[in-house]
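Next up, some structures in structure tokens.
The two complexes that follow have subunit A in common; it is paired with subunit B in the first and with subunit C in the second.
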Partner chain A sequence: MDIFLSLPFLQELLLSTLRMATPILIVALAELYSERAGLVNIGLDGIMAFGALAGFLVSYQTGNPYLGILAGALGGILVNLVYAFGTIQLGAQQIVFGMAINIFAPAIASFIYKMAFGSSSSLAQATLMAAIPIPGLSRIPFIGDVFFNHTPIVYLTFLLVPITYVFFAKTIPGLNYKSVGEYPKAAESSGIHVVMVKYKASIICGALAGIGGAYLTTSYISTYSDGVVSGRGFIALTAVIFGRWMPGGILLAALFFGFTDALQLRFQVMNSKTPYQLLAMIPYISTLFALIFFGIKKAGPASSGKPYFREER
Partner chain B sequence: MNKKLLSLLLVFALATTLLAGCAAPATTTAAEATDVANGETTIAADAKAYKVAMILDTTIADGGWGAASYNAMVAAAEATGFETQYTDGIASADFATNLRSYCDLGFDLIITPGNQYSDAVNEVSVDYPDVHFAILNGKIETANVVSMLPNAEQIGYMAGALAGLMTKSNNIGFIGGMELDTTKMKLQSYEAAAKAVNPAVVVASAYAGSFSDSAKGKEIANSMISVNDVDVMFGDASAVDSGAREALAEHEGRYDIGQPADLVKIKPMPVLISSVVTDNASMMKIVMEDVKSGTYGNKTIFGDLANGTLSVGTFSDKVPADVQAKYLEIIEQIKAGTFIQ
Partner chain C sequence: MNTFLTMENITKKFGDVYANRAVDLSVMAGEVHTLLGENGAGKSTLMNILSGLYHPTKGHIYLRGHKVKIHSPAQAVKLGIGMVHQHYMLVEAMTVFENIILGTTKHKSFFIQKDKIKNELLALSAKYGLDIEIDKPINEISVGAQQRVEIMKALYRGAELLILDEPTAALTDIEVESLFRIIRRLTSEQKTVIFISHKMREVLEISDRITILRAGQTIATLIKSETTAAELAHLMIGRELITSEYEKKTVNRELILQLDQASFNATSKHNGLNAVSLTVGAGEVLGIAGVDGNGQSQLAQLVTGLIAPDDGDVHLNNRKVARFTPAHFIASKVSHIPEDRNKMGLIGNMTVKENLLLKSLNSSRFSYGKGWLLRRRQIAMHAREIRQTYDIRCASVEQEIRNLSGGNQQKTILARELERDIDLLVAVHPTRGLDIGATKYVHDKVIEARDRGCGVLLISADFDEVLKLSDRIAVMFEGEIVGVFPGINPPIHEISLAMAGKKQQTQDLAV
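Then we have the complex of A and B:
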């Protein structure tokens, strides 16, 4: 078992962890922006699926994965505006609308892909985004390759963590934003346009979740297939709760998911005799245990999940 | 209240994640189905139009098993004069409902591409004795259910022999989607064949737990390369395999063996050295002929090298001529049943 201690193994494990954590992290941050404005959005998986398709199509047509990421963001916003209209304007049940998004968005994505590419026996391939090593830092032995030799989306995602922290904890717009998720009536009475904040939240959430999906098909792998998202949206949702609605906590949660998943794949490869179902459960089982031990002491935004009726008493 | 909602949400999220693998989007083809029904009334005037339908849990654009099965049905239907229809992205719980709908729409034959549909077919076929059912990779034989069974053992032998001949590091890999009987069989015989041609070979295997998570396929292949120095791989996991190919393509001298279509011929990639080709269309053609001639039922159509259902795909230029010759010799042995006793 000395293989666990060998440097190349650790380096590969950490690299794999970062790659797998990135889509979960960015989508979990998307959910944080949504929930901070009182909107529980469980439609992340659907938004990701649509973002993945939009990103892939544009990157395939133009040969430019950056435009693909942009298209993923726009596609995500488009899908999430449906959710926003239903829950903010019409005051509909957020869980129901989120679920509806999860059903209809992947189906539309599947339909568009079939229209564009038919049912070929091989998948269409687009250009993959190249990694951009950060000059200087990427030369550091071991750490350089693990942390500073990635695609820009990975840097952006990890940069978003401190940015989000500062925004919510240290800035006035951030505190105003948060108040909408805590007690919208009080926020409204102090002059905050609650509905506007909620729409902004939906746009940020859609864009980030869309980028999360597009990351999969433009920076991770170069093909789109139905089900490429494979429940990552739901894992992101769990990461928000696991991370206690704090950007730092969410970062740890996403890295934890990435790490356990990377580890279980390596266990499988090294030991083919163990039933794979047992190993594949590791990320989920460890989450359950972590939640039990941390307990739900610090809950999320107080008004999360509740529709806001402006003229209601 | 909030606490309750939270825990409910959490349980839901975890449960859905577990199920997410099977929760493919439901596409309704109701509109298309009525189209066909309308078209049928006009055609029915001159001759009886035979109709065949397929239901799939994956999609027909998955670049793997789903696409291959659907294309096989279309090819066989063109040859025998059947009209085709399909519904894809169906969750396991809805298999039976979808089968019943096609029965009620008056379809003559329903093809299900996989063993996972057997229970649903079993249940529905009893209620519709006049409708014919066919299961690919199935085992059921009744008066109106026929199974088509490509020989998984031979597929594993074919891939394993080539992998064993091509590997330089003596480490080869296998990725499974789910632990199906046929996949287990393929892995077992893949290993046996590789060891028969090259006793030093060590096989690494892993299951992605999905047929669509291509990103995970890439991670599995990456870890196989870095941990075990695997240089030839074979997979039984549709879109997951295409992810694995991307990881292999990033390294020099690492190869993949494709299936079930002749991938090197359709779309040459430097990483693909050859394919194990399964001609599902020829088996489906037999099924359709049986429906027309009224001799349907109580049989399993076996597909192997001897009857041409399995064949060796196009080689890429990465396979040296002497290896090709040696490999084709082994194929003859597999065909004759003398390869591994």
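Then we have the complex of A and C:
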């Protein structure tokens, strides 16, 4: 057991935690932006899958993973606008539409991939985004490598946490935005364009979730395969609940899930006797427990999930 | 004083129904102008037009002598019109401060400049005596304080005219006093207030002038000092004795329903019953008159087993009721036409046939083994017969009930409730939203049931309906029965006063 306490092991574990937490964190923030405008989006997994494919394709074609991330964002927006149109314009059930996204988006992604590469068994490889160490900071022993030697997407994601906090807590647009998720009628009577805010929210949500997906195929692994998202969208959904709809809480929740993921990978490497499938379950089981213990009390936006119909004018 | 607002010849139609018909209203700057009228008189519609929520079908609005068109609530705010809705437009999870600045464009900054705005708000609060705790979340302050936040919201947005829609409905007496103090402060600062109410005492206390609306039309505008409660009540209710086409019966001593000092949530004036005693005899209609929200809903729920009394007894057919469940009351031959047919009366996604069956599933006529196996042919035949006799207009009895018109839905309920063997019919707003033809049909059926010896408890906000059908009339006010009157030659004047909350000596017709 000494190995657990060794410095290199810890360093690796923490580094891996941050890397694993990144897609969950950015997608959880996507969900937060959606829910603050009253849209519960359970289609994150589907948006991620599409973003992962779009990111991979562009990165593969151009050799530039940054363009891949941009493509992921655009792909995510595209998919989420379908959801937005259905739920905002038609007043459809959000859960139903989210589920539909989860079914059709990965299927379309898979279809496009097969169109592009055929069904050959060899996987196409794209260039991975290189880590950019932050000058100075990255040379601090131990924590330098853990915190300041990552891809820009990781920095961006973690930077989004304080930005999101300030936006919702300290700014006037943020306050108006939040009121749409709480009580759209009051927002409308205060002169806020509710439908517009909801569309903006959908665009932000689609972009962030798409980037989350593209991160997987441009910065984490260099290939695309069906199921590459493997339920991270749902884990992100849990992270929002677990984090009590607060950016700081969501950060902690994402780190927790990232940590369990990193830990199970280490276990797999070290412990060849235990079936790896069992260890791979750790993040999902911890998600389940998180929901059991923290999912009970609803603390989210009051009108989240409810369709909004503007009154007849 | 100058005229601040003139509404001229305002007409608003919803479909074919007139909510306002050529209404004229003229409000002076700095006065408290009350709109008085029954439910459905068109007060709220008129104010929704003024606050930009509805567009008038016809008519003009002038503010300070200039003609204006109000397209949206945002524009109304710009013109200096602020409305405090009966149901507050406040975000519970946010603080008072956040609610007040929500959506404002006064400060064009990106970040919330809290200290600066806070000082403005505190000054405003002090000026009008609003006494607001600015940093508390909305869900931690009282209803009265929430209302002051709404007033503050309007004032912060620069309101010159404040519309208060039934502002006292949810307030305690002390809170009402403090609200009145604020209103006087507002008018002393040359703000104009339109006060909507149907509570006579309050209207007489706070108003400068009073405009009475009835059935969507302006009846009169009176100066407070030159009128009396009696005159107002008379104008508001506005009916001379109407001749009923139905023969009225005198009290029958065979009691079907008897309430003895029944109380439920007694401290609530609007959602409770306070020591209610009444009787319904076989073959008589007891009508409950009163302005909506004075405990009528609770009375209906009590005598159909939906709620149990906190105190007091209910007797059915001279037997004290021990179990307050709907099933028990249904088995005791009580039928119920509920106040909201879509919420309580029907299952929208089920067919006409199925809805007709809801309370009779267990009878051997429609099923074997108490509902285990349905006798489908019997059921279908029954449904077709009912459709014929009650003239329910539908494509077929297999049509989903939600696709039927309100009148046909109500006929379906009526058929289900009357085709059973019943002793008591509890009919709550039985003709709400129905046209004249359907209304007449429902009335005929209710009287038919009475003539068969069924006791009827009729609860209605439609005073005409109560007058027309009732053999005796009881008036409810703030959870109490404040008077019982004969149905033959009913003393309209006294009844209207009782409805407006004037307690008085009444002929004691309660048994």
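Definition applied: the second predicted complex is superposed on the first by the 284 of 313 C-alpha atoms of A that agree within 3 Å, B and C clash if a C-alpha of one lies under 4 Å from a C-alpha of the other, contacts with A are read in each partner's own complex, and residues count from 1 in each chain.
One rule holds for everything that comes next: a residue touches a chain if its C-beta (ideal position, glycine included) is under 8 Å from a C-beta of that chain, and two chains touch if they have at least 3 such contacts.
Since we're looking at a predicted model, the values are computed, not measured.
Overlay done on subunit A, so just call it for subunit B and subunit C: clash or fit.
On the superposed model, which is not a single observed complex, subunit B and subunit C fit side by side.
Now for A:119: first (subunit B), second (subunit C), both, or neither, which partner does it touch?
In the superposition, A:119 contacts subunit B only.
Does the superposition put A:8 against subunit B (first), subunit C (second), both, or neither?
first
Tell me the contact category for A:140 with respect to subunit B and subunit C: first, second, both or neither.
neither
Just checking: does A:183 make contact with subunit B only, subunit C only, both, or neither of them? Give me first, second, both or neither.
In the superposed model, A:183 contacts subunit C only, not subunit B.
Contacts for A:163 in the overlay, against subunit B (first) and subunit C (second): which applies, first, second, both or neither?
A:163 sits against neither subunit B nor subunit C.
When both complexes are superposed, which of subunit B and subunit C contacts more residues belonging to subunit A?
For subunit A, the partner with the higher number of touched residues is B.
Using the superposition on chain A described above, determine whether A:131 touches subunit B (first), subunit C (second), both, or neither.
Neither partner.
So, does A:96 touch the first partner subunit B, the second partner subunit C, both, or neither?
Once the two structures are laid over each other on A, A:96 reaches no partner at all.
Check whether A:173 is in contact with subunit B, with subunit C, with both or with neither, and answer first, second, both or neither.
The second partner, subunit C, only.
In the overlay, answer first, second, both or neither for which of subunit B and subunit C A:302 touches.
Touch partners of A:302: subunit B and subunit C.
Check the superposed model and tell me the shortest C-alpha distance between subunit B and subunit C, rounded to whole Å.
Superposition on chain A places subunit B and subunit C at a least C-alpha distance of 14 Å.
Give me the intersection of subunit A's contacts with subunit B and its contacts with subunit C, in residue numbers.
Common to the two interfaces on subunit A: residues 302.
In the complex of these two chains, what residues of subunit A are touching subunit B?
Its residues touching subunit B are 3, 8-9, 12, 16, 19-20, 23, 40, 42, 45, 49, 95, 103, 106-107, 109-111, 113-114, 117-123, 128, 216, 220-223, 225-228, 230-231, 234-235, 237-238, 241, 261-262, 265-266, 268-270, 272, 276-277, 280, 284, 287-288, 291, 296, 299-300, 302, 304-305.
Report the residues of subunit A in contact with subunit C in the complex, numbered from low to high.
Subunit A reaches subunit C through residues 170-173, 175-176, 178-179, 182-183, 185-192, 301-302, 311, 313.
State the interface residues of subunit B toward subunit A in the complex, per the touch definition above.
Residue positions touching the partner: 2-3, 5-7, 9-10, 12-14, 16-18, 20-21, 23-27, 58-64, 66-68, 70-71, 89, 173, 179, 203-207, 209-220, 222-224, 226-228, 238-239, 242-243, 246, 261, 263, 266-267.
Which residues, counting only subunit C, touch subunit A once they are in their complex?
53-55, 72-74, 77, 85, 89-94, 98-99, 101-105, 107, 109-112, 153
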